[in-house]
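Data block below; observations after.
The chains carry the letters A, B, C and D, assigned in the order they are written, with residues numbered from 1 in each.
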Amino acid sequence: MKNKVLITVTRFILPFIIAFSFYIQINGSNAPGGGFQAGVIMASAFMLYSIVFGYRSALTFMPFKALKILAILGIMLYGGTGIACMIMGGEFLNYNMIRNNLTTGQMLGISVIEWGVGLTVFATFSLGYYAFITRGGNEHNID
Amino acid sequence: MNTTLIEYLPYILCIAIICTGLYGTTNSSNYLKKLVSLSILQSGVILFFIAIAKVKDGQIPILACLDFKQCPEQLINPLPHVLMLTAIVVGVATLAVGLALIIRIKEEYGTIEENTLIEAEQND
Amino acid sequence: MIKNLIALEIAIPILIGAANFINRKRGLAYFLTLLTVTASFVIAIMILLHSLTTPSISYHFGGWAPPIGIEFKITRLNALFLVVVSSSALLTFLYGKQILFREIHKRKISPFCSVFLICLAGLYGIILTNDFFNLYVFIEIASLATYALISIGINRNAIQAAFYYLIIGTIGATLILIGIGYLYIASGTLNIDDFIKNFAQIKHLKTVKLGYYLIFMGLFIKSGLFPFHSWLVKAYKNTNSFILPFLGSISTKVYILILLKLIYLSFGTEYILHNNILQPFLIVTGVLAITVASIIALYQKDLRSMLAFSSISQIGYIFIAISIGTKASMIAAIIFILSHIIAKMALFMVCGHIYYYKNTYNTEGLYMLFKEMPYTVVIFLINAASLIGIPLTFGFVGKISLISSLIEQKMWFVLAAVVIASFITFKYFWNFSEVFLFYKKYMPKEQAATKIEVIETKFSIAPILVFTLLTFINIGLGLSFNKILLAAEKLLI
Amino acid sequence: MIERYLDIAVLVLVFSIAVMIVRSKNLFTVVIMGSIFSIFCALIYLIMGAPDVALTEAAVGACATTCILLASLKHFKEDTSLSKWRVISLIVFITLFVVLSYFTISIHPYGSVDAITNKGVVEYYKQTSGNEIGLLSLVNAILASYRGFDTFGETVVIFAAGLCIILILGTKNKINNEK
């Protein structure tokens, strides 16, 4: 796409969208928001980029394989936290086992799993978008 | 009479949206429209859950301070909100998988109209 | 320690399925999946052995006690079904390596295995969970994976069948969600046991009635009860023959198990079935299912369509057993579910095995199969006998316990329908047996019309061993009639 | 008082958008109306005091889903949908609507403070979550800790959806054109 207005506005707005998604990710404990919303907003920034600049240029800095690894990393963070809690002697996802003084364990566990959710959601939405946008073209090497 | 009806009107409207979604899902001939109707159905259910959580003059479910006893306030029920976050995710996951299937159907049959597809299926 | 195995049973398939996402080598994917399924089978056996000594184990996720957090509950019934599901998955993978590699594109096998593992974890979750909303989440996980597994088929109609199933299945799941909402409004809790604790005070409420009607309606749709069965036929007819033994035997039965647990162990038969519209509804639909579906099966020329309609009629028997509402009938329903799983899985495996060599399911290509594959046809006949309910098979035990509880309740019309439907079952299996066994009488006159392309095959002993094992289990259970009834009594403690 | 009527007004609007989606013939209209539907749903969630759900619906329904739908709409350019009222199913769903509405009367009234849903478990969450978890946001405390396993399931659902899309839209499966 060669619309100058669109490109300028996108360049201007993209950092704000990304910053907003990080804000929601980090500030989720005391305000509305959390990992899921942050992931979706991040993915929509990614979609905006690939709509305006073309998905090929988006592929250069975020290749398909990287997205796959991010998705796995997210789910591993979540499941790994659960299993780590079990190794430390509690139940699955019992964050009290991480640190035993009052709420630190809970806070730590929650922030880790929120990052896991955020990563998986961002990566999966972007993957899905790639899958739909590349279908029908000459190359579909998404698997 | 009037007050009671008003008190139940939000629920009834949610149910109306659910029924519209069901009607669209079962009667649309186009598969894409079926999917969008399906997400209307799910939105109706989500609206219903959020409506039952509402408390008159309640604050949004964020505590003013960590110890509830020091600053008690009337809060909206947060549990349905949590459930519906999950339900939204499930809805969008279903929509995405359905869309992928529709694209494959279009590639294989060249159409996504139900009537034509049933004929094509019987001819196979 | 044993408690943590319960969480691992869910977590291991999910995490390994996720890790398999980047792997593109099909051999590695198959090996990894086989290993995972074996591990989950071992864990399931350990849980079952543990539950023999302690009848009820409750696992609290996150360390929060039940009404606050999510609870998994292991009873003997749950543990038994855990073993059944995991062993079915294991047997499917042992049986179908060749079929998997031939019917599915080599680049698709790795994601296919990942989706299968996630589906498996979803089914375990459905069996174990004791929380209404968690039940919904696991139903959705299992269903989403099932749609994708079905869409990979032997012909293009599989995709359409998967989409049809997606629409119907999502409507069913949404009905379950609305029902859960109504139950939550009435009780303020999501835990099933906690809900039942205060049940006496709220059982007269309209919201509770509507809630369980909606949940049951959703479960009926998901389990393929007669008027809602059309997705089942389409899906079974067109999907690949690797996944069919697993999905065809397990996926609907899990929902029936949930229904059974809700009716008999949670709400209570007194409240749900007696003086209620649900009992006549179940009896009528069950009778219609066993008769109409059997009659439709008579006219099928395709082996898999016949088996699909046979599944619908068998589900009808299970619902008749559920609708009676005594303890004996619950045992009958459980035995029926188990016998159907074992026999149907063997039949679908035989079916896939035949397809591997003959590349067709149609009767026109299968004349005089006995000459080429005598052993396979014998296995087919034995398992068909089990579905008909001929003595010395496991199916006979189920049918006899169903008939005895029908006689006990003096439901003569239903009894007559069951007997007549059994004869029709015999007839439609006989149609296919005739085709397999006899030559001259049924040979089509213009043979040239049905040319089937010759395909490359590699002989493997694995599928034959697997369905032989299933047949031995079937006959072994059929011979130990009294022991099963005794064991079933113990199961429900 | 005015707030209550605001809910109802937006709900009526959402309902009419839903009817328009079901009635419309053009697929592009369906997708764009679906996006508008989601935006107004998000508005209702905000009015009803569920900012988390509103944020999610706005991000997912109005933005991401619409992007994905539009991306795939290029495949169905020439398709239009027939749209006729079918009287029998209309009657069925109106009956369903009446039955469900009849049962709705036994729910607690909208906005009721002493509904049973506000007691029990929820009371416990309000009282103790600040001390036990240490988060101000109750939704996140329940989501991540008390019902953390549900959220694990939710993440698995999203992941499974991605996996299913790759499985379905990946390399074409070879098809035996068996008649």
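By our rule, a contact is a pair of C-beta atoms (placed from the backbone, for glycine too) under 8 Å apart; a residue touches a chain by one contact, two chains touch by 3 or more.
What you see is a predicted model; the values in this text were computed from it and never measured.
No other pair of chains shares as many C-beta contacts as B-D. Rounded to whole angstrom units, the spacing between the C-alpha centres of subunit B and subunit C is 29. Distance between chain centres (mean CA atoms), subunit C to subunit D: 30 Å.
Annotation: 24 Å between the Cα-based centres of subunit A and subunit B.
If you average the Cα atoms of subunit A and of subunit C, the two centres end up 36 Å apart.
Residues of subunit A found to touch two or more other chains are 30-32, 36, 71, 75, 79, 82, 92-93, 95, 128, 131-132, 135-136, 143.
Taken residue by residue, subunit C touches two or more other chains at 14, 18, 21, 61-62, 107-108, 111, 133, 137, 140, 144, 147-148, 151, 155-156, 159, 184-185, 190, whereas all remaining positions touch fewer.
Multi-chain contact residues of subunit B, defined as those touching 2 or more other chains: 18, 22, 52, 60, 62, 79-80, 83, 85-86, 89-90, 93-94, 96-97, 99-104, 124.
Judged by the touch criterion defined above, the protein chains are all mutually in contact, each touching every other.
On the side of subunit D, the complex with subunit A involves touching residues 51-52, 54-56, 59-60, 63-64, 67-68, 71-72, 74-75, 131-137, 139-141, 143-145, 148-149, 151-152, 154-156, 158-159, 161-162, 165-166, 169-171.
Partner subunit D is touched in their complex by these residues of subunit A: 24, 28-34, 36-37, 40-41, 43-44, 47, 51, 71, 74-75, 78-79, 82, 92-93, 95, 102-104, 106-107, 109-110, 113-114, 116-117, 120-121, 123-125, 127-129, 131-133, 135-136, 140, 142-143.
Of all the residues in subunit D, the ones that touch subunit B in their complex are 4, 7-8, 11-12, 14-15, 18-19, 21-22, 27, 30-31, 34, 37-38, 41, 44-45, 48-53, 56-57, 60-61, 64-65, 68-69, 72, 75-76, 79-83, 86, 89-90, 93-94, 96-97, 100-101, 104-105, 107-113, 115, 117-118, 121-122, 125-131, 134, 136-139, 142-143, 147, 150-151, 153-154, 157-158, 160-161, 164-165, 168-169, 179. The touching residues of subunit A, when paired with subunit B in their complex, are 30-32, 36, 128, 131-132, 135-136. Across the complex, subunit D is touched by residues 4, 6-24, 26-30, 32-33, 36-37, 39-40, 43-44, 46-47, 50-56, 58-69, 74-86, 88-90, 92-97, 99-104, 106-107, 111-113, 124 of subunit B.
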